[in-house]
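Some structures to go through are shown next.
Two complexes come next, and they have one chain in common, chain A, joined by chain B in the first and chain C in the second.
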Partner chain A sequence: MAPSLEQYKTEFESAQRRRRTAESAQQTRMREDALSRFLELGFPTTRQEEWRFTSVAPIASQSFTLAAPAVDAGPVDVTPFRFRDVCAAELVFVDGHFAPALSTRSALLGCVRAGSLAAAVSAHASEVETHLGRVAPFDRSPFVALNTALFADGAYLHIPAHTVLEHPIHVLFVSTGGGAAPLQSHPRVLAVLGDNSQASIVESYAGPGGARYFTNVVTEIVLGQNAVLDHYKLQQESADAFHIGTVYLKGARSATCASHSVSLGGALVRNDVVAVLGGEGGGCTLNGLYLADGQRLVDNHTTIDHVMPHCGSREIYKGILADRARGVFNGKIIVRPDAQKTDAKQTNRALLLSEDAQVNSKPELEIFANDVKCTHGAAVGQLDEDAVFYLRSRGLDRSEARRLLIHAFAGDVLNRMPLESIRIGVEEILQRQLAHALDAAA
Partner chain B sequence: MLKVRNLHARVAGREILRGIDLSIQHGEVHAIMGPNGSGKSTLARVLAGHPEYEVTEGEVLFEGEDLLDMDPEERARAGLFLAFQYPVEIPGLNNAYFLKAALNTMRKHRGEEELDAMEFMTLVRERMKQLDIDEAFLNRPVNEGFSGGEKKRNEIFQMAVVEPKLGILDETDSGLDIDALKIVANGVNAMRSAERTFLVVTHYQRLLNYIIPDVVHVLTDGRIVRSGGKELALELEDKGYGWLEEPVRG
Partner chain C sequence: MSTSTETIEQLATREYKHGFYTDIEQEVIPRGLSEEIVRLISAKKQEPAWLLEWRLQAYRTWLTMKEPTWGNIKYGPIDYQNIIYYAAPKKKPALQSLDEVDPEIRRTFEKLGIPLEEQKLLSGVAVDAVFDSVSVATTFKEKLAELGIIFCSFSEAVQNHPELVRKYLGTVVPYSDNFFATLNSAVFSDGSFAYIPKGVRCPMELSTYFRINAKETGQFERTLIVADEGAYVSYLEGCTAPMRDENQLHAAVVELVALDNATIKYSTVQNWYPGDKDGKGGIYNFVTKRGKCAGVNSKITWTQVETGSAITWKYPGCILQGDNSIGEFYSVATTNNWQQADTGTKMIHLGKNTKSTIVSKGISAGHGQNTYRGLVRIAKGARSAHNYSQCDSLLIGDKCGAHTFPYLEIRNSSATVEHEASTSKIGEDQIFYCRQRGLSTEDAVNMIVSGFCKEVFRQLPMEFAVEAQKLLSVSLEGSVG
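Up next, the complex of A and B:
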C-alpha cells in the first residue's frame, strides 16, 4: 500500500470507532468493502484514460484530516452562500457535518423528508439502504469508494409520490478549511423522487478564500416514473481547494431530469455526471458552465446512458478559461441495443481569454442501436474580434464589449437554468472573477 | 461635415483604397456605387475604424476632428454610425440590453441624461413601429437566428434609436425583398434632416429609387472615378460599370 493511502485507512478506523453504534451491519459492511476497493484502486494516474489530462497528485501527495463533529462547527459565516430566494428547506453542513442550528425547514413540507442522511440511516434504515450505494457504484471509481467508506453525513431528500414542491430545497456544504491541518470531507447526497413527483434541488459547495482543503462528494438521485427534477450543483469552493464530485442519476419510465453544473472555484476540480435513462420515454438535460483562471484546472466528465427506447438527451457545456487555466471536457453518450429512437444532442464550447489557457475536449459516442439520432459539436476559440468591433461601433469601449461578450457566452447556458436567483448570483460571481482577466487583456 | 483627402488603406497587406477624396456637407445624402471588389465596403469599414484595416496615407475630418485618430467607440460617440453589411450574431446577448447599454453610453458622452427603463422602452417602441419590427424581437439575442432581411432591418432600427450625425449604410439593400427594402428606405428617409448626413454604399441602383441621393460617386479599383447627380445611378444601371474603366476625376 502506498504511504499516502495509509492515512485514509487510519482515518477510516477512527471514524468507524466514533460511529459504530449508529449504523446497521449492512451499512458497515458496505463501508468496509468500499475502503478495501479504494485501497486496491489507489488514486488514479494520468496513465488511465479517464484521468489522462487531470493529475490528482496534489491531492494524493498531501494529508488531510477528517473533520470531527462539534469541534469544527464553530462560528462560520454562511450568509454569503445562503439561497437568495424562498426555499422549502435549507440544510447546512459544516465540514461535512449537519448543522441544524444553521438550517431551516419550512413547515409546508409535510411528508417530504429533508434532513441529515446519517440520521435517516438509523431512523429509516430500510428506506435509505434500498438506494444508498446502489445508484453510484464504488467498484470502478476510487473517489466514489473513498466517499462511501468515509462519509460522515450529508442530505437525505425524499419526495413522496404525487408530491409537487413549489420551492427549491437548498443543500449547502461549507468547508472551514482547517488552517494548518487541512481538512477532508466526503459529503453524500441521496435524493429519491417518487412517481409523479416534482422538485428543484440545489447543492452548493463553498469555502473561505485561500483555504486549502479536500471535498469529495457523491450525489445519488433516483427518479420514479414520470418524476420531474431540476437539479443544480453550484461549486464555489476556495480557489486553493480540491473538489471531486460525482453525480449519479437514474430515471424510471418518462422521468425527466435537468442537471445544471456551475463550477466557479477550486484549484483542482473534477465533476463526473452519470445519467442513466433506465425507463422508456425519459429525458435528461445536462447543462454546464465552468470558469477557471490563474493556474486552476476544471475537468468535467459526463456520461449519458440511453438504456431504454424513446429517450431524449440534451447537453450543453461551456467553459471560460483565463490566464494559464486548463479545462477538460469529456462527454460520453452510450446508446444501448434496446434504446431505439434515441434522440441525443451534445454541444461543448470553450472560450479562451489568454494565449496560455487551454482546453482538452472529447466527445465519445458509443452507439449500439440502429434507429437513433445523435449529434455532437465542439468549438474552442478566443473572443470573436468581429463581435468586439460590432459592439465598439455602437459606442461601447473595448473592455465593456469584451465583458458583454463573455457574459453573453455564459448567458447562453445560464438562460437555460429556470431558477432566477441562481442565474443572478452566478452572473455576479462571474463579473467579480473575470474583472482581472479582462483588465489584463485590455 | 465629412472630408476625406487622399485616403489609402490596406487589409492583410493588400492595398484596397488608393486615394479617395470625398467631401460631404450637412444634410446631404451621398451614394457610393461600384462593382464588386472596388473598395466600397472597405471605405465604410475604414471610416468606422475596423481594426483589420490599416490606413497608410491621407486624412479624414469629421466635424473638423481627426477621425482616424479615434477608436471605433469614440467615432460612434461622436455621431458616426455604420449599418453593417453582415451584422454579427451574438447568442446570449439580449437585444434590448445591448441597445440600452449602447444608447446610454452615447448619451453620457454627449452630456445627456441616461434613459431609464421606461423612457428607453417608449423610445424603442416608437422606432420599432416605424420599421415594422415585432416587439418580441427585443428579447431575442442580437441577430441570432435572424433572417438576412431582419438583420438589415435591425441595423436601421439601431440607427434610428441612437440618432447619429452620419449614417453609413454598407450594402443595406443586398438580400432584401422589395417590401423590406421600402421599409428600410422609409426608416432612413424619416431620419433625413438638415443636420443628418448619409453615406449609402450600394451595388445596385434599386435602393436609390427610394433613398434619393444628392450626389452619386462611382468607385472602381480603390478610387472615385466619377461623381454626379442622381442621374448617374440610372446611367450605371443602364450601361453597367464597364464604360467607366478610364479613371476620370469628377
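Up next, the complex of A and C:
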C-alpha cells in the first residue's frame, strides 16, 4: 500500500472511533466496504481513461488532516458567500461540519426536512439508508469511495410528496483551510424529492483565498414521479484548493431535473455529474460554465444515462481559459437498448484567451437503440476578430470589446439559470475574474 | 511407401545442405512465431541484412507489448502461436469455367454488376487469351515506367530500390508503434510499393487490382507510398469482390509520405468475409494506416468504405507536419449481423495553417456495433489550424449500436475546431414517401442509405463509387423488414 493511502486508513480508524455508536451496523459496514474499495482502487492515474488529462498527483502526494468539529465557528466569516435573496433555509457547514449557529431555517415549511445528515442518520435511519450510498455507487470511483468512508456530515434534504418550495434551499460549505496542516473534508449531500414535489437547491463551496485544502464532495439526488428540481452547484474555492465533486441524479417517471454547475475557483477541480433517467418521460438539463486562469485545471465529466424510453436531455458546457489554464470536458450520452424515442442534445464550447491555454474535449455517444435523436457538437476557438473589429468601429476600446464578447459567450449558459440572484452573483464574480485574466493576458 | 522414403531422403539431404529451409517451395513454414521464423521469412525473401535487423528489433519489441484492450470490440483470444506467418504462394487449382465457382459468390457478382471477364479473374478462373490480365498489367507498367514511377510489390522494391525503401520504411509507422503494427513489422510478407518522382502526376489510378503478383499477399501486408515534391497519385486498395478468405487475423500497415506540394489520395474498399449470420467466422482486421504530410502544401486524403470483416480496427491518420498541409478523411463503415467496427482517424496538426476535414458515416444493422473513434490534436506550434469533423450514424433495427468517441486536444488558441455528430434512424415518413412513389421498402432503404453516404462516395474514383454503392446494398441485405 502506498504511504499516502495508509494515511487515509489511519484517519478512517480514528474517525470511526469518534463516531462509534452514532451509526447503525449497516452504515458502519458500508463505510468499511467503501474504505477497502478505496484502498483497492487507489488514486487514479493518467493511464486511466477517465483521468487521462487530469493528474491527481498533487492530492495524492500531500497529507491532509480530517477536520475536527469546530467548537467555535465564530471567526469564520461567511457573509460574502451567503445567499443574496430570500431562501427557505440556509445550511452552513464549516470544514464539513454542520454549524447550526450560522444556519437559518426560519422560512421552511414544517413538513420539509433540511438539516444535518449525521443527525438524520441516527434520527431517521431507515429513511436515510434507503438512499444513502445507493444512488452514487462507490465501487467505480475512488473518490466516491473515499467520501463514503470518511464523510463526517453533510446536508439531508427531504421534500415530501406534493410539496412545492417557493424559495430555494442554500447549502453552503466553507473551508477554513487549516493553515500549516492542510485540511480535508468530505461533505455529503442527500436530497430526496417526493412525487409531484418541486424545489430549488443551491450548493455553494467556498474558502479563504490562498488557502490550500482538499474538498471531496458527493451529492446524491433522488427524484420521485413528476418531481421538478432546479439544482445549482457554485464552486468558488480558493485558487490553491483541490475540489473533487460528484453529483449523482436519479429520476423516476416524468421527473424533470436541471443541474447547473459553475466552477470559478480551485487549483485542481474535477466535477463528475451522472444523471440517470430511470423513468419514462423524464427530462434532464445539464449546464455548466467554468473559468480558469493561472495554472489551474478544471475538469468536467458528465454522463447522461437514458435507461427508459421517451426521455429528453439537453446539455451545454462552456469554458473560458486564460493564461496557462487547462480545461477538460468529457460528456457521455448513453442510450440503453430499451430507451426508444430518446432525444438528446449536447454542446460543448471552449474559448481560449491565451497562447498557453489548453483544452481537451471528448463528447461521447453510446447508442444501443435505433429510434433516437442524438446530436453533439464541440467547438474550440478564440474570440472572433471580426466581432472585435465591429465593436471597435462602434467606439469601444479593445479590452472593452473583448470583455463584452466573453460576457456574451458566458451569458448563453447564465441565461439558462432560472434563479436571478445566482445569475447576478455569478456575473459579478465573472466580471471581476475576467478583468484580472484579461489584464494578465494583455 | 515411396513418398515416405522421399521425405526421409529430403530430411537427410536438408541437414547436409543449407540448413532447414531449402525446400520451402513445397512447404509452408511451421506454425508459430519465434526469432527463427522471422529470420526464415527474411531469408526466404532474400532481404538485405538491415531489413532483417529491423524485423528482429520489431519482434523483440513485440514480445514486450500487450494486446490493446481499449477498443470497443469483443472477440475471443487470438493464439499468435497458431498462425502460419509465411505461406508460399498458394497454388489454387485453376477452375475451368465460371460454373465451378461457388454459386453464392456468383450471385454477389451479379448484384455488383461486375463484367463477366472480371468475374473470372477475381474468382481465379483461368483467364482466356482475349482478356489477358498479365499483358494488361504489363502495358500499364511500361507506361508508368516511362514517367519514372515505381510501382511494384514490396519485395521487388526491397531488391531493386533498397535505398528508397530504407529511407522511408518505418518513418511514419515506426516498428514500435503499436501491438499489431509491430507484429506486422516483424513478419510482413509482401505488399505494394509506389514512388512518384518529382513533379509527376500519375496518369491513372494505381490499384493492386492491376498488379497480378499482389494477389495472395496474405495476412500481413505492408504498403509504402512516397510522393516526391509536386507529385500526385491516387491509389486504390482492395477490390469490391467478396473474398472468401479464411484467415483469421489481418494486420496490415500502410505508410504514406507526401513531400512538398505533393498529393496522395488513398481509397480503400474493404469487403473481407464478415462471418455468417450467427457471427461465426470472419476476419479480424487490425490495420495501422498513417500518412505524413512532410512537406509544405502537401495533402493526403483517406477514403474508406468498410463493409466486410467481423472486426474492423483501423484509424487511418494524417500527421500534418508541413505548413499549409491538408489532411482529409472520408469514411463509410457498415456493420450488419454480428460485425463490429471501431474505426476513425487521427489528425495531428503540427505545422502552421494546417487543415483537416473528417466526414464519417456509420451504418449499423442487425446486431452490428459501430464505433467512431477519432483524435484531433492541435500542437502548440500549429498556429491557425483548422479542423472540421462530422460523424453521423444511422441505425437500422433495434439490436444494433452506434458509438462516438471523438478526442479533441487543443494546445493553441488560434485553432478552430468544430465537431458535430448525430445519430438517427431512417424515418418512417421517408420510407413512406418512397413507397408512395412505387419503390419497395428495400429499395427505399437503399436509396436513403446511399444518400446518407453520398458525401463519402463522391470522393471515390467514379467506377468504384458505383460498385461501393452496390456493395453497400448487398451488405445490408436482409436487414430491412
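Here, the second predicted complex is superposed on the first by the 433 of 442 C-alpha atoms of A that agree within 3 Å, B and C clash if a C-alpha of one lies under 4 Å from a C-alpha of the other, contacts with A are read in each partner's own complex, and residues count from 1 in each chain.
Convention: a residue touches a chain if its C-beta (ideal position, glycine included) is under 8 Å from a C-beta of that chain, and two chains touch if they have at least 3 such contacts.
What you are looking at is a predicted structure, and each value in this text was computed from that prediction instead of being measured.
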Are chain B and chain C a fit on chain A, or do they clash, once the structures share the same frame? fit
Touched partner set for A:Glu355, first chain B, second chain C, both or neither: second
For A:Thr375, select first, second, both or neither according to whether it touches chain B, chain C, the two together, or no partner. second
Give the label of whichever partner, chain B or chain C, reaches more residues of chain A. C
Answer with first, second, both or neither: which of chain B and chain C does A:Gly411 touch in the superposed model? first
Between chain B (first) and chain C (second), which does A:Tyr390 come into contact with in this model arrangement: first, second, both, or neither? first
For A:Glu366, using the defined touch cut-off, is the partner it touches chain B, chain C, both, or neither? Pick first, second, both or neither. second
In the overlaid three-chain picture, which partner chain does A:Arg398 touch, first (chain B) or second (chain C), both, or neither? first
Minimum Cα separation, chain C to chain B, after superposition on A (Å): 14
For a test of understanding, state which residues of chain A touch chain C in their complex under the given definition. 49, 337, 340, 350, 352-355, 357-382
Using the touch definition from the top, list the residues of chain B that touch chain A in their complex. 48-52, 71-73, 75-77, 81-82, 84, 87-88, 90-94, 98, 101-102, 105-106, 109, 141, 158, 162
Sites on chain A touched by chain B in the complex: 384-387, 389-398, 400-401, 404-405, 407-412, 415
Contact residues on chain C for chain A in the complex? 70, 393, 395-425
